[in-house]
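Presented sequentially are two complexes of chain A, the first with chain B as partner and the second with chain C.
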Partner chain A sequence: MVTSITSFGRSGLYDWMIQRVSAVVLLVYTVFMIGYLLMNPGLDYEQWSALFENTAMRIFSLLTLLSFAAHIWIGMWSVSTDYIKPTGARFVFQSATGLLTFIYVVWGIQILWGV
Partner chain B sequence: MLVSVYRYNPETDDAPSMQDIHIDIPGGKDIMVLDLLQLLKDKDPTLAYRRSCREGVCGSDGMNMNGTNGLACITPLSAVVENDKLVLRPLPGLPVIRDLVVDMTQFYKAYEKIKPYLINDTPPPAIERLQSPEERAELDGLYECILCACCSTACPSFWWNPDKFIGPSGLLQAYRFLADSRDTATRERLTELDDPFSVFRCHGIMNCVSVCPKGLNPTKAIGKIRNMLLQQAT
Partner chain C sequence: MYFGAVFMLYALGLSLESQQGFNEAVEMLETSFFAKLIAWGLVSALLYHFFAGIKHLVMDFGYCEELESGQLAAKVTMGVSVVAILLAGVWIW
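Then we have the complex of A and B:
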(Lines of atoms letter the chains of each structure in order from A and count residues from 1; the text may use other names and numbers.)
(Lines give C-alpha, C1' and ligand atoms only; values in the text may rest on other atoms or scores of the structure.)
Protein backbone atom coordinates (compact mmCIF):
# COMPACT_ATOMS: atom_id res chain seq x y z
CA MET A 1 0.00 0.00 0.00
CA VAL A 2 1.44 3.35 -1.07
CA THR A 3 0.45 6.13 1.29
CA SER A 4 -0.24 9.52 -0.13
CA ILE A 5 -1.67 12.49 1.74
CA THR A 6 -2.06 14.91 -1.14
CA SER A 7 -4.37 12.88 -3.36
CA PHE A 8 -8.02 13.94 -3.42
CA GLY A 9 -9.69 11.21 -1.40
CA ARG A 10 -6.60 9.36 -0.12
CA SER A 11 -7.94 6.20 -1.79
CA GLY A 12 -7.22 5.30 -5.39
CA LEU A 13 -10.68 3.88 -5.87
CA TYR A 14 -12.35 7.01 -4.50
CA ASP A 15 -10.28 9.30 -6.74
CA TRP A 16 -10.99 7.09 -9.70
CA MET A 17 -14.73 7.12 -9.06
CA ILE A 18 -14.87 10.89 -8.50
CA GLN A 19 -12.92 11.38 -11.72
CA ARG A 20 -15.47 9.31 -13.71
CA VAL A 21 -18.55 10.85 -12.07
CA SER A 22 -17.27 14.43 -12.42
CA ALA A 23 -16.44 13.75 -16.06
CA VAL A 24 -20.03 12.69 -16.70
CA VAL A 25 -21.36 15.83 -14.94
CA LEU A 26 -19.05 18.06 -17.00
CA LEU A 27 -20.14 16.32 -20.19
CA VAL A 28 -23.85 16.64 -19.41
CA TYR A 29 -23.45 20.33 -18.56
CA THR A 30 -21.52 20.99 -21.74
CA VAL A 31 -24.07 19.19 -23.90
CA PHE A 32 -26.89 21.06 -22.13
CA MET A 33 -25.21 24.43 -22.68
CA ILE A 34 -24.50 23.79 -26.35
CA GLY A 35 -28.06 22.53 -26.82
CA TYR A 36 -29.52 25.55 -25.05
CA LEU A 37 -27.49 28.00 -27.11
CA LEU A 38 -28.41 26.24 -30.35
CA MET A 39 -32.11 26.19 -29.49
CA ASN A 40 -32.16 29.85 -28.53
CA PRO A 41 -30.41 31.68 -31.34
CA GLY A 42 -31.68 35.17 -30.51
CA LEU A 43 -30.74 34.91 -26.84
CA ASP A 44 -31.02 38.21 -24.93
CA TYR A 45 -29.87 39.31 -21.48
CA GLU A 46 -33.29 38.83 -19.84
CA GLN A 47 -33.60 35.22 -20.90
CA TRP A 48 -29.97 34.41 -20.05
CA SER A 49 -30.20 35.83 -16.51
CA ALA A 50 -33.61 34.20 -16.00
CA LEU A 51 -31.99 30.86 -16.81
CA PHE A 52 -29.39 31.33 -14.07
CA GLU A 53 -31.90 32.64 -11.52
CA ASN A 54 -33.63 29.31 -11.71
CA THR A 55 -32.81 27.19 -8.61
CA ALA A 56 -32.47 23.97 -10.60
CA MET A 57 -30.00 25.68 -12.88
CA ARG A 58 -28.04 26.96 -9.89
CA ILE A 59 -27.83 23.47 -8.41
CA PHE A 60 -26.73 22.10 -11.78
CA SER A 61 -24.14 24.84 -12.24
CA LEU A 62 -22.76 24.53 -8.72
CA LEU A 63 -22.54 20.76 -9.12
CA THR A 64 -20.62 21.28 -12.34
CA LEU A 65 -18.34 23.84 -10.70
CA LEU A 66 -17.49 21.47 -7.85
CA SER A 67 -17.04 18.56 -10.27
CA PHE A 68 -14.72 20.80 -12.28
CA ALA A 69 -12.66 21.56 -9.16
CA ALA A 70 -12.39 17.90 -8.13
CA HIS A 71 -11.57 16.88 -11.69
CA ILE A 72 -8.80 19.47 -11.92
CA TRP A 73 -7.27 18.42 -8.61
CA ILE A 74 -7.25 14.68 -9.36
CA GLY A 75 -5.98 15.19 -12.90
CA MET A 76 -3.28 17.72 -12.10
CA TRP A 77 -2.22 15.75 -9.04
CA SER A 78 -1.69 12.67 -11.25
CA VAL A 79 0.24 14.68 -13.80
CA SER A 80 2.45 16.23 -11.12
CA THR A 81 3.23 12.88 -9.46
CA ASP A 82 4.11 11.41 -12.86
CA TYR A 83 6.30 14.15 -14.25
CA ILE A 84 7.57 16.42 -11.48
CA LYS A 85 10.10 14.41 -9.51
CA PRO A 86 11.74 17.06 -7.26
CA THR A 87 9.56 17.28 -4.15
CA GLY A 88 9.87 21.06 -3.81
CA ALA A 89 8.74 21.76 -7.37
CA ARG A 90 5.90 19.25 -7.05
CA PHE A 91 4.75 20.87 -3.82
CA VAL A 92 4.76 24.33 -5.41
CA PHE A 93 2.85 23.03 -8.45
CA GLN A 94 0.25 21.28 -6.28
CA SER A 95 -0.16 24.33 -4.05
CA ALA A 96 -0.63 26.59 -7.07
CA THR A 97 -3.19 24.18 -8.52
CA GLY A 98 -5.04 24.07 -5.20
CA LEU A 99 -5.05 27.84 -4.83
CA LEU A 100 -6.23 28.41 -8.42
CA THR A 101 -8.98 25.83 -8.06
CA PHE A 102 -10.15 27.46 -4.84
CA ILE A 103 -10.20 30.87 -6.52
CA TYR A 104 -12.24 29.47 -9.41
CA VAL A 105 -14.79 27.95 -7.01
CA VAL A 106 -15.28 31.13 -4.97
CA TRP A 107 -15.35 33.28 -8.09
CA GLY A 108 -17.78 30.89 -9.77
CA ILE A 109 -20.16 30.96 -6.81
CA GLN A 110 -20.00 34.73 -6.78
CA ILE A 111 -20.92 34.88 -10.46
CA LEU A 112 -23.70 32.32 -10.11
CA TRP A 113 -25.33 34.09 -7.18
CA GLY A 114 -24.60 37.49 -8.63
CA VAL A 115 -27.24 37.29 -11.34
CA MET B 1 21.82 -5.98 -43.00
CA LEU B 2 22.63 -3.24 -40.50
CA VAL B 3 22.29 -3.88 -36.80
CA SER B 4 22.55 -1.01 -34.37
CA VAL B 5 23.18 -2.22 -30.81
CA TYR B 6 23.05 -0.27 -27.57
CA ARG B 7 26.40 -0.56 -25.85
CA TYR B 8 27.26 0.50 -22.34
CA ASN B 9 29.88 -0.73 -19.96
CA PRO B 10 29.76 1.45 -16.85
CA GLU B 11 33.31 0.46 -15.92
CA THR B 12 34.86 1.89 -19.08
CA ASP B 13 32.27 4.11 -20.82
CA ASP B 14 31.21 7.58 -19.78
CA ALA B 15 27.90 7.29 -21.60
CA PRO B 16 25.94 4.68 -23.55
CA SER B 17 26.37 4.63 -27.33
CA MET B 18 24.99 2.81 -30.35
CA GLN B 19 27.32 0.44 -32.20
CA ASP B 20 26.55 -0.12 -35.89
CA ILE B 21 27.46 -3.56 -37.21
CA HIS B 22 26.98 -4.78 -40.79
CA ILE B 23 26.24 -8.44 -40.89
CA ASP B 24 25.34 -11.01 -43.52
CA ILE B 25 22.84 -13.64 -42.47
CA PRO B 26 24.20 -17.04 -43.55
CA GLY B 27 22.01 -18.43 -46.33
CA GLY B 28 19.76 -15.36 -46.03
CA LYS B 29 17.53 -17.35 -43.69
CA ASP B 30 14.83 -15.88 -41.45
CA ILE B 31 16.54 -16.50 -38.12
CA MET B 32 15.46 -15.36 -34.66
CA VAL B 33 16.87 -12.15 -33.18
CA LEU B 34 18.61 -14.25 -30.52
CA ASP B 35 20.48 -16.17 -33.24
CA LEU B 36 21.48 -12.84 -34.73
CA LEU B 37 22.83 -11.77 -31.34
CA GLN B 38 24.98 -14.91 -31.28
CA LEU B 39 26.37 -13.95 -34.69
CA LEU B 40 27.14 -10.48 -33.34
CA LYS B 41 28.80 -11.97 -30.28
CA ASP B 42 30.99 -14.16 -32.53
CA LYS B 43 32.21 -10.93 -34.12
CA ASP B 44 32.49 -8.98 -30.87
CA PRO B 45 32.65 -11.17 -27.75
CA THR B 46 32.31 -8.17 -25.42
CA LEU B 47 28.59 -7.85 -26.24
CA ALA B 48 26.46 -8.77 -23.20
CA TYR B 49 22.85 -9.99 -23.16
CA ARG B 50 20.76 -12.46 -21.16
CA ARG B 51 19.39 -15.67 -22.57
CA SER B 52 18.61 -19.12 -21.37
CA CYS B 53 15.89 -21.41 -22.73
CA ARG B 54 15.92 -19.96 -26.28
CA GLU B 55 12.25 -20.92 -26.75
CA GLY B 56 10.16 -18.24 -25.06
CA VAL B 57 9.73 -19.99 -21.73
CA CYS B 58 12.31 -18.51 -19.35
CA GLY B 59 11.71 -14.85 -20.13
CA SER B 60 15.34 -13.77 -19.83
CA ASP B 61 15.95 -12.27 -23.29
CA GLY B 62 13.33 -9.53 -23.20
CA MET B 63 14.64 -6.50 -25.12
CA ASN B 64 13.57 -3.63 -27.31
CA MET B 65 13.74 -4.49 -31.00
CA ASN B 66 13.11 -1.64 -33.45
CA GLY B 67 11.14 0.11 -30.76
CA THR B 68 9.01 -2.79 -29.58
CA ASN B 69 9.62 -4.97 -26.53
CA GLY B 70 9.67 -8.71 -27.02
CA LEU B 71 11.62 -11.91 -26.52
CA ALA B 72 14.59 -12.13 -28.91
CA CYS B 73 14.40 -15.94 -29.05
CA ILE B 74 10.90 -16.13 -30.52
CA THR B 75 10.99 -13.00 -32.67
CA PRO B 76 12.01 -13.77 -36.27
CA LEU B 77 13.91 -11.08 -38.14
CA SER B 78 11.06 -10.88 -40.65
CA ALA B 79 8.78 -9.63 -37.88
CA VAL B 80 10.91 -6.68 -36.78
CA VAL B 81 13.51 -5.70 -39.39
CA GLU B 82 12.59 -2.60 -41.38
CA ASN B 83 14.53 -1.42 -44.45
CA ASP B 84 17.24 -3.98 -43.70
CA LYS B 85 17.90 -2.32 -40.35
CA LEU B 86 17.44 -3.50 -36.77
CA VAL B 87 17.96 -1.38 -33.65
CA LEU B 88 18.45 -3.34 -30.44
CA ARG B 89 18.12 -1.66 -27.08
CA PRO B 90 17.69 -2.89 -23.50
CA LEU B 91 14.19 -2.91 -21.98
CA PRO B 92 13.25 0.76 -21.45
CA GLY B 93 12.96 2.37 -18.04
CA LEU B 94 15.17 0.03 -16.00
CA PRO B 95 18.78 0.80 -15.03
CA VAL B 96 21.29 -0.74 -17.43
CA ILE B 97 23.91 -3.04 -15.93
CA ARG B 98 25.71 -3.56 -19.21
CA ASP B 99 24.71 -3.46 -22.91
CA LEU B 100 21.35 -5.25 -23.18
CA VAL B 101 21.34 -6.44 -19.56
CA VAL B 102 19.06 -4.47 -17.23
CA ASP B 103 18.68 -4.41 -13.47
CA MET B 104 15.29 -6.02 -12.78
CA THR B 105 15.21 -5.24 -9.02
CA GLN B 106 12.42 -2.68 -9.33
CA PHE B 107 10.34 -5.13 -11.34
CA TYR B 108 10.79 -7.98 -8.85
CA LYS B 109 10.04 -5.67 -5.93
CA ALA B 110 6.68 -4.89 -7.48
CA TYR B 111 6.09 -8.63 -7.88
CA GLU B 112 7.06 -9.27 -4.27
CA LYS B 113 4.59 -6.62 -3.09
CA ILE B 114 1.56 -8.51 -4.37
CA LYS B 115 2.50 -11.62 -2.32
CA PRO B 116 2.76 -14.03 -5.24
CA TYR B 117 1.88 -17.16 -3.29
CA LEU B 118 -1.26 -18.86 -2.09
CA ILE B 119 -2.47 -17.65 1.31
CA ASN B 120 -4.86 -19.98 3.10
CA ASP B 121 -5.05 -20.25 6.87
CA THR B 122 -7.57 -23.10 6.99
CA PRO B 123 -6.15 -26.50 7.97
CA PRO B 124 -4.74 -28.22 4.91
CA PRO B 125 -6.65 -31.29 3.74
CA ALA B 126 -4.93 -34.68 3.71
CA ILE B 127 -3.96 -34.61 0.03
CA GLU B 128 -4.51 -31.28 -1.69
CA ARG B 129 -6.89 -28.34 -1.97
CA LEU B 130 -9.20 -29.23 -4.81
CA GLN B 131 -10.62 -26.93 -7.46
CA SER B 132 -13.47 -27.55 -9.83
CA PRO B 133 -12.58 -27.36 -13.54
CA GLU B 134 -14.45 -24.03 -13.64
CA GLU B 135 -12.47 -22.61 -10.74
CA ARG B 136 -9.26 -23.76 -12.38
CA ALA B 137 -10.32 -22.15 -15.66
CA GLU B 138 -10.38 -18.77 -13.89
CA LEU B 139 -6.58 -18.90 -13.80
CA ASP B 140 -6.18 -19.27 -17.56
CA GLY B 141 -4.56 -16.26 -19.14
CA LEU B 142 -2.96 -15.40 -15.80
CA TYR B 143 -0.72 -18.25 -14.70
CA GLU B 144 1.15 -18.32 -18.02
CA CYS B 145 3.10 -15.14 -17.26
CA ILE B 146 6.85 -15.78 -17.42
CA LEU B 147 7.87 -12.49 -15.75
CA CYS B 148 9.84 -11.32 -18.76
CA ALA B 149 9.06 -7.66 -17.95
CA CYS B 150 8.30 -6.78 -21.57
CA CYS B 151 4.94 -5.35 -20.50
CA SER B 152 5.94 -3.35 -17.43
CA THR B 153 8.89 -1.76 -19.22
CA ALA B 154 6.57 -0.73 -22.09
CA CYS B 155 4.20 0.99 -19.68
CA PRO B 156 4.66 4.77 -19.24
CA SER B 157 3.01 4.66 -15.82
CA PHE B 158 5.64 2.14 -14.72
CA TRP B 159 8.42 4.33 -16.14
CA TRP B 160 7.31 7.33 -14.09
CA ASN B 161 6.53 5.51 -10.84
CA PRO B 162 8.23 2.10 -10.79
CA ASP B 163 8.41 2.21 -7.00
CA LYS B 164 4.72 2.93 -6.48
CA PHE B 165 2.75 1.58 -9.44
CA ILE B 166 2.81 -2.24 -9.44
CA GLY B 167 2.88 -2.40 -13.24
CA PRO B 168 1.02 -4.70 -15.62
CA SER B 169 2.99 -7.85 -14.88
CA GLY B 170 2.64 -7.59 -11.10
CA LEU B 171 -1.04 -6.72 -11.39
CA LEU B 172 -1.71 -9.66 -13.67
CA GLN B 173 -0.14 -11.83 -10.96
CA ALA B 174 -2.11 -10.00 -8.25
CA TYR B 175 -5.31 -10.92 -10.05
CA ARG B 176 -4.06 -14.49 -10.51
CA PHE B 177 -4.17 -14.86 -6.71
CA LEU B 178 -7.36 -12.84 -6.25
CA ALA B 179 -9.05 -15.15 -8.74
CA ASP B 180 -7.77 -18.33 -7.11
CA SER B 181 -10.59 -20.17 -5.31
CA ARG B 182 -8.08 -21.64 -2.84
CA ASP B 183 -6.79 -18.26 -1.66
CA THR B 184 -8.50 -16.79 1.41
CA ALA B 185 -6.68 -13.45 1.62
CA THR B 186 -8.80 -11.65 -0.97
CA ARG B 187 -9.83 -8.85 1.37
CA GLU B 188 -6.28 -8.18 2.61
CA ARG B 189 -4.93 -8.28 -0.93
CA LEU B 190 -7.51 -5.75 -2.12
CA THR B 191 -6.84 -3.44 0.84
CA GLU B 192 -3.16 -3.40 -0.10
CA LEU B 193 -4.04 -2.27 -3.63
CA ASP B 194 -6.54 0.47 -2.85
CA ASP B 195 -4.24 3.48 -2.98
CA PRO B 196 -3.84 6.10 -5.74
CA PHE B 197 -0.77 4.38 -7.24
CA SER B 198 -0.64 0.58 -7.02
CA VAL B 199 -3.51 -0.12 -9.42
CA PHE B 200 -4.97 3.23 -10.32
CA ARG B 201 -1.93 4.58 -12.14
CA CYS B 202 -3.00 2.36 -15.01
CA HIS B 203 -4.60 4.62 -17.61
CA GLY B 204 -5.54 1.82 -19.97
CA ILE B 205 -3.02 2.65 -22.69
CA MET B 206 -2.69 -1.09 -23.36
CA ASN B 207 0.99 -1.03 -24.33
CA CYS B 208 1.28 -4.07 -22.09
CA VAL B 209 -1.23 -6.05 -24.12
CA SER B 210 0.40 -5.22 -27.43
CA VAL B 211 3.86 -6.46 -26.38
CA CYS B 212 3.19 -9.52 -24.21
CA PRO B 213 5.00 -12.41 -25.92
CA LYS B 214 2.65 -14.88 -24.26
CA GLY B 215 -0.44 -13.11 -25.61
CA LEU B 216 -1.73 -12.24 -22.12
CA ASN B 217 -3.96 -9.29 -21.29
CA PRO B 218 -2.84 -7.39 -18.17
CA THR B 219 -5.26 -4.51 -18.87
CA LYS B 220 -8.20 -6.89 -18.58
CA ALA B 221 -6.86 -8.28 -15.29
CA ILE B 222 -6.40 -4.72 -13.99
CA GLY B 223 -10.02 -3.96 -14.91
CA LYS B 224 -11.12 -7.00 -12.92
CA ILE B 225 -9.13 -5.90 -9.88
CA ARG B 226 -10.78 -2.48 -10.16
CA ASN B 227 -14.19 -4.10 -10.29
CA MET B 228 -13.39 -6.20 -7.20
CA LEU B 229 -12.30 -3.04 -5.35
CA LEU B 230 -15.49 -1.32 -6.43
CA GLN B 231 -17.59 -4.26 -5.33
CA GLN B 232 -15.91 -4.38 -1.94
CA ALA B 233 -16.27 -0.65 -1.35
CA THR B 234 -19.80 0.10 -2.52
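Then we have the complex of A and C:
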Protein backbone atom coordinates (compact mmCIF):
# COMPACT_ATOMS: atom_id res chain seq x y z
CA MET A 1 0.00 0.00 0.00
CA VAL A 2 1.26 3.43 -0.89
CA THR A 3 0.85 5.85 1.98
CA SER A 4 1.21 9.58 1.65
CA ILE A 5 3.11 11.52 4.29
CA THR A 6 2.74 14.98 2.78
CA SER A 7 -1.05 15.37 2.58
CA PHE A 8 -2.70 17.72 5.06
CA GLY A 9 -4.49 15.17 7.22
CA ARG A 10 -2.65 11.94 6.24
CA SER A 11 -5.95 10.76 4.82
CA GLY A 12 -7.67 11.52 1.55
CA LEU A 13 -11.12 11.48 3.12
CA TYR A 14 -10.03 13.86 5.85
CA ASP A 15 -8.42 16.21 3.29
CA TRP A 16 -11.59 16.01 1.18
CA MET A 17 -13.70 17.11 4.15
CA ILE A 18 -11.31 19.84 5.33
CA GLN A 19 -11.16 21.25 1.79
CA ARG A 20 -14.95 21.62 1.72
CA VAL A 21 -15.34 23.00 5.24
CA SER A 22 -12.54 25.54 4.67
CA ALA A 23 -14.12 26.43 1.29
CA VAL A 24 -17.40 27.33 3.01
CA VAL A 25 -15.57 29.49 5.58
CA LEU A 26 -13.69 31.31 2.79
CA LEU A 27 -16.94 31.72 0.87
CA VAL A 28 -18.75 33.27 3.84
CA TYR A 29 -15.84 35.63 4.59
CA THR A 30 -15.63 36.71 0.95
CA VAL A 31 -19.37 37.46 0.82
CA PHE A 32 -19.11 39.35 4.12
CA MET A 33 -16.14 41.49 3.03
CA ILE A 34 -17.61 42.31 -0.40
CA GLY A 35 -20.95 43.14 1.23
CA TYR A 36 -19.30 45.28 3.90
CA LEU A 37 -17.21 47.22 1.38
CA LEU A 38 -20.19 47.74 -0.93
CA MET A 39 -22.38 49.00 1.91
CA ASN A 40 -19.70 51.37 3.23
CA PRO A 41 -18.45 53.30 0.21
CA GLY A 42 -17.02 56.20 2.23
CA LEU A 43 -15.19 53.93 4.69
CA ASP A 44 -12.76 55.75 7.01
CA TYR A 45 -9.93 54.55 9.22
CA GLU A 46 -11.95 54.80 12.47
CA GLN A 47 -14.68 52.51 11.19
CA TRP A 48 -12.28 50.12 9.45
CA SER A 49 -10.04 49.65 12.51
CA ALA A 50 -13.08 49.39 14.81
CA LEU A 51 -14.32 46.50 12.67
CA PHE A 52 -11.06 44.60 13.13
CA GLU A 53 -10.82 45.44 16.84
CA ASN A 54 -14.05 43.58 17.40
CA THR A 55 -13.40 40.16 18.98
CA ALA A 56 -16.00 38.43 16.83
CA MET A 57 -14.33 39.83 13.71
CA ARG A 58 -10.93 38.66 14.98
CA ILE A 59 -12.26 35.14 15.51
CA PHE A 60 -13.90 35.20 12.07
CA SER A 61 -10.72 36.54 10.43
CA LEU A 62 -8.43 34.07 12.19
CA LEU A 63 -10.76 31.21 11.27
CA THR A 64 -10.57 32.40 7.67
CA LEU A 65 -6.78 32.71 7.81
CA LEU A 66 -6.41 29.14 9.11
CA SER A 67 -8.98 27.88 6.59
CA PHE A 68 -6.98 29.64 3.86
CA ALA A 69 -3.80 27.89 5.04
CA ALA A 70 -5.44 24.44 5.03
CA HIS A 71 -7.23 25.09 1.72
CA ILE A 72 -3.98 26.28 0.11
CA TRP A 73 -2.04 23.28 1.36
CA ILE A 74 -4.59 20.72 0.16
CA GLY A 75 -5.00 22.49 -3.19
CA MET A 76 -1.28 22.94 -3.87
CA TRP A 77 -0.62 19.39 -2.66
CA SER A 78 -3.21 18.01 -5.09
CA VAL A 79 -1.77 19.96 -7.99
CA SER A 80 1.87 19.16 -7.17
CA THR A 81 1.28 15.43 -6.64
CA ASP A 82 -0.59 15.32 -9.97
CA TYR A 83 1.81 17.30 -12.11
CA ILE A 84 5.29 17.35 -10.53
CA LYS A 85 6.50 13.79 -10.92
CA PRO A 86 10.21 14.10 -9.95
CA THR A 87 10.38 13.67 -6.17
CA GLY A 88 13.08 16.31 -5.67
CA ALA A 89 11.24 19.04 -7.55
CA ARG A 90 7.97 18.16 -5.82
CA PHE A 91 9.68 18.26 -2.44
CA VAL A 92 11.12 21.71 -3.15
CA PHE A 93 7.74 22.97 -4.40
CA GLN A 94 5.86 21.62 -1.40
CA SER A 95 8.49 22.97 1.00
CA ALA A 96 8.20 26.43 -0.55
CA THR A 97 4.40 26.19 -0.32
CA GLY A 98 4.63 25.18 3.33
CA LEU A 99 7.04 28.00 4.14
CA LEU A 100 4.95 30.66 2.39
CA THR A 101 1.79 29.36 4.07
CA PHE A 102 3.50 29.56 7.46
CA ILE A 103 4.61 33.13 6.71
CA TYR A 104 1.02 34.06 5.76
CA VAL A 105 -0.32 32.64 9.02
CA VAL A 106 2.21 34.45 11.24
CA TRP A 107 1.98 37.70 9.25
CA GLY A 108 -1.82 37.53 9.27
CA ILE A 109 -1.98 36.98 13.03
CA GLN A 110 0.39 39.91 13.52
CA ILE A 111 -1.88 42.16 11.42
CA LEU A 112 -5.06 40.99 13.15
CA TRP A 113 -3.66 41.41 16.66
CA GLY A 114 -1.76 44.58 15.87
CA VAL A 115 -4.93 46.62 15.39
CA MET B 1 -4.16 33.80 -5.89
CA TYR B 2 -1.75 32.05 -3.57
CA PHE B 3 1.11 34.43 -4.37
CA GLY B 4 -1.24 37.35 -4.88
CA ALA B 5 -2.27 37.04 -1.25
CA VAL B 6 0.99 38.89 -0.48
CA PHE B 7 -0.59 42.07 -1.90
CA MET B 8 -3.86 41.45 -0.08
CA LEU B 9 -2.14 41.02 3.29
CA TYR B 10 0.14 43.98 2.60
CA ALA B 11 -2.84 46.24 1.84
CA LEU B 12 -4.77 44.94 4.86
CA GLY B 13 -1.78 45.46 7.16
CA LEU B 14 -1.13 48.94 5.79
CA SER B 15 -4.77 49.98 6.08
CA LEU B 16 -5.00 48.81 9.69
CA GLU B 17 -1.60 50.08 10.80
CA SER B 18 -2.49 53.76 11.30
CA GLN B 19 -4.51 56.62 9.88
CA GLN B 20 -1.56 57.45 7.67
CA GLY B 21 -1.24 53.85 6.47
CA PHE B 22 -4.97 53.76 5.74
CA ASN B 23 -4.67 56.94 3.66
CA GLU B 24 -1.70 55.49 1.79
CA ALA B 25 -3.60 52.28 0.97
CA VAL B 26 -6.67 54.24 -0.17
CA GLU B 27 -4.57 56.61 -2.27
CA MET B 28 -2.75 53.71 -3.88
CA LEU B 29 -6.01 52.03 -4.88
CA GLU B 30 -7.50 55.32 -6.09
CA THR B 31 -4.61 56.67 -8.13
CA SER B 32 -2.21 53.90 -9.11
CA PHE B 33 -3.11 52.07 -12.32
CA PHE B 34 -0.78 49.24 -11.35
CA ALA B 35 -2.42 48.81 -7.92
CA LYS B 36 -5.85 48.74 -9.56
CA LEU B 37 -4.66 46.16 -12.07
CA ILE B 38 -3.29 43.90 -9.31
CA ALA B 39 -6.50 44.32 -7.30
CA TRP B 40 -8.66 43.53 -10.32
CA GLY B 41 -6.51 40.53 -11.27
CA LEU B 42 -6.74 39.15 -7.75
CA VAL B 43 -10.46 39.81 -7.40
CA SER B 44 -11.04 38.21 -10.83
CA ALA B 45 -9.21 35.03 -9.83
CA LEU B 46 -11.06 35.00 -6.51
CA LEU B 47 -14.49 35.46 -8.15
CA TYR B 48 -13.92 32.72 -10.70
CA HIS B 49 -12.64 30.35 -7.98
CA PHE B 50 -15.63 31.38 -5.84
CA PHE B 51 -18.24 30.42 -8.45
CA ALA B 52 -16.36 27.34 -9.67
CA GLY B 53 -16.11 26.27 -6.01
CA ILE B 54 -19.87 26.65 -5.53
CA LYS B 55 -20.39 24.52 -8.65
CA HIS B 56 -18.04 21.95 -7.14
CA LEU B 57 -20.05 21.87 -3.91
CA VAL B 58 -23.29 21.55 -5.88
CA MET B 59 -21.78 18.53 -7.65
CA ASP B 60 -20.72 17.09 -4.28
CA PHE B 61 -24.41 16.99 -3.44
CA GLY B 62 -25.04 14.95 -6.57
CA TYR B 63 -26.47 17.63 -8.85
CA CYS B 64 -25.29 18.54 -12.36
CA GLU B 65 -23.19 15.40 -12.68
CA GLU B 66 -24.63 14.27 -16.02
CA LEU B 67 -23.10 15.33 -19.34
CA GLU B 68 -25.86 17.76 -20.26
CA SER B 69 -26.44 19.36 -16.84
CA GLY B 70 -22.70 19.35 -16.15
CA GLN B 71 -21.95 21.29 -19.31
CA LEU B 72 -24.75 23.71 -18.54
CA ALA B 73 -23.40 24.23 -14.99
CA ALA B 74 -19.91 24.85 -16.40
CA LYS B 75 -21.28 27.43 -18.85
CA VAL B 76 -23.31 29.14 -16.12
CA THR B 77 -20.19 29.27 -13.93
CA MET B 78 -18.21 30.90 -16.75
CA GLY B 79 -21.00 33.33 -17.57
CA VAL B 80 -21.62 34.42 -13.99
CA SER B 81 -17.86 34.77 -13.41
CA VAL B 82 -17.37 36.96 -16.48
CA VAL B 83 -20.23 39.25 -15.41
CA ALA B 84 -18.92 39.44 -11.82
CA ILE B 85 -15.37 40.15 -13.04
CA LEU B 86 -16.59 42.97 -15.31
CA LEU B 87 -18.64 44.44 -12.44
CA ALA B 88 -15.56 44.21 -10.18
CA GLY B 89 -13.57 46.10 -12.83
CA VAL B 90 -16.19 48.86 -12.87
CA TRP B 91 -16.09 48.99 -9.06
CA ILE B 92 -12.29 49.22 -8.90
CA TRP B 93 -11.98 51.87 -11.65
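Throughout what follows, the second predicted complex is superposed on the first by the 113 of 115 C-alpha atoms of A that agree within 3 Å, B and C clash if a C-alpha of one lies under 4 Å from a C-alpha of the other, contacts with A are read in each partner's own complex, and residues count from 1 in each chain.
One rule holds for everything that comes next: a residue touches a chain if its C-beta (ideal position, glycine included) is under 8 Å from a C-beta of that chain, and two chains touch if they have at least 3 such contacts.
As the structure is a prediction and not an experimental result, all values here were calculated from the model.
Peer 1: Mind checking chain B and chain C on superposed chain A, clash or fit?
Peer 2: Taken together on chain A, chain C would fit alongside chain B, as the superposition shows.
Peer 1: Return the chain, chain B or chain C, that is in touch with more residues of chain A.
Peer 2: C
Peer 1: First (chain B), second (chain C), both or neither: which does A:Leu13 touch?
Peer 2: In the superposition, A:Leu13 contacts chain B only.
Peer 1: By the touch definition at the top of the document, which applies to A:Leu100: first (chain B), second (chain C), both, or neither?
Peer 2: Only chain C; A:Leu100 stays clear of chain B.
Peer 1: Kindly classify A:Thr30 by the partners it touches after superposition: chain B alone (first), chain C alone (second), both, or neither?
Peer 2: In the superposed model, A:Thr30 contacts chain C only, not chain B.
Peer 1: Could you look at A:Met39 and tell me whether it touches chain B, chain C, both or neither (first, second, both, neither)?
Peer 2: After superposing on A, A:Met39 lies clear of both chain B and chain C.
Peer 1: From the overlay on chain A, compute the angle at chain A's CA centre subtended by chain B and chain C, rounding to the nearest 10 degrees.
Peer 2: So the angle at the centre of chain A is 80 degrees.
Peer 1: Touch test for A:Thr81: chain B only (first), chain C only (second), both, or neither?
Peer 2: first
Peer 1: Contact-wise, after the overlay, does A:Ala56 reach chain B, chain C, both or neither (first, second, both, neither)?
Peer 2: Neither partner.
Peer 1: Is A:Ser4 touching the first partner chain B, the second partner chain C, both, or neither of them?
Peer 2: Touch partner of A:Ser4: chain B, not chain C.
Peer 1: Looking at the superposed set of three chains, what is the minimum CA distance between chain B and chain C in Å?
Peer 2: Between chain B and chain C, the minimum C-alpha distance equals 6 Å.
Peer 1: I'd like to check the shared interface: which positions of chain A are touched by both chain B and chain C across the two complexes?
Peer 2: Overlap of chain B and chain C footprints on chain A: empty.
Peer 1: In their complex, what parts of chain A are in touch with chain C?
Peer 2: Interface residues on chain A, with respect to chain C: 20, 23-24, 27, 30, 44-45, 48-49, 52, 68, 72, 76, 97, 100, 104, 107-108, 110-111, 114-115.
Peer 1: For chain C, which residues are in contact with chain A within the complex?
Peer 2: 2-3, 5, 9, 12-13, 15-19, 22-23, 46, 50, 53-54, 56-57, 60
Peer 1: Can you list the chain A residues touching chain B in their complex?
Peer 2: It comes out as residues 1-4, 7, 10-13, 15-17, 78, 81-83.
Peer 1: Where on chain B does chain A make contact in their complex?
Peer 2: Where chain B meets chain A, its residues are 157, 160-161, 164, 191-201, 226, 229-230, 233.
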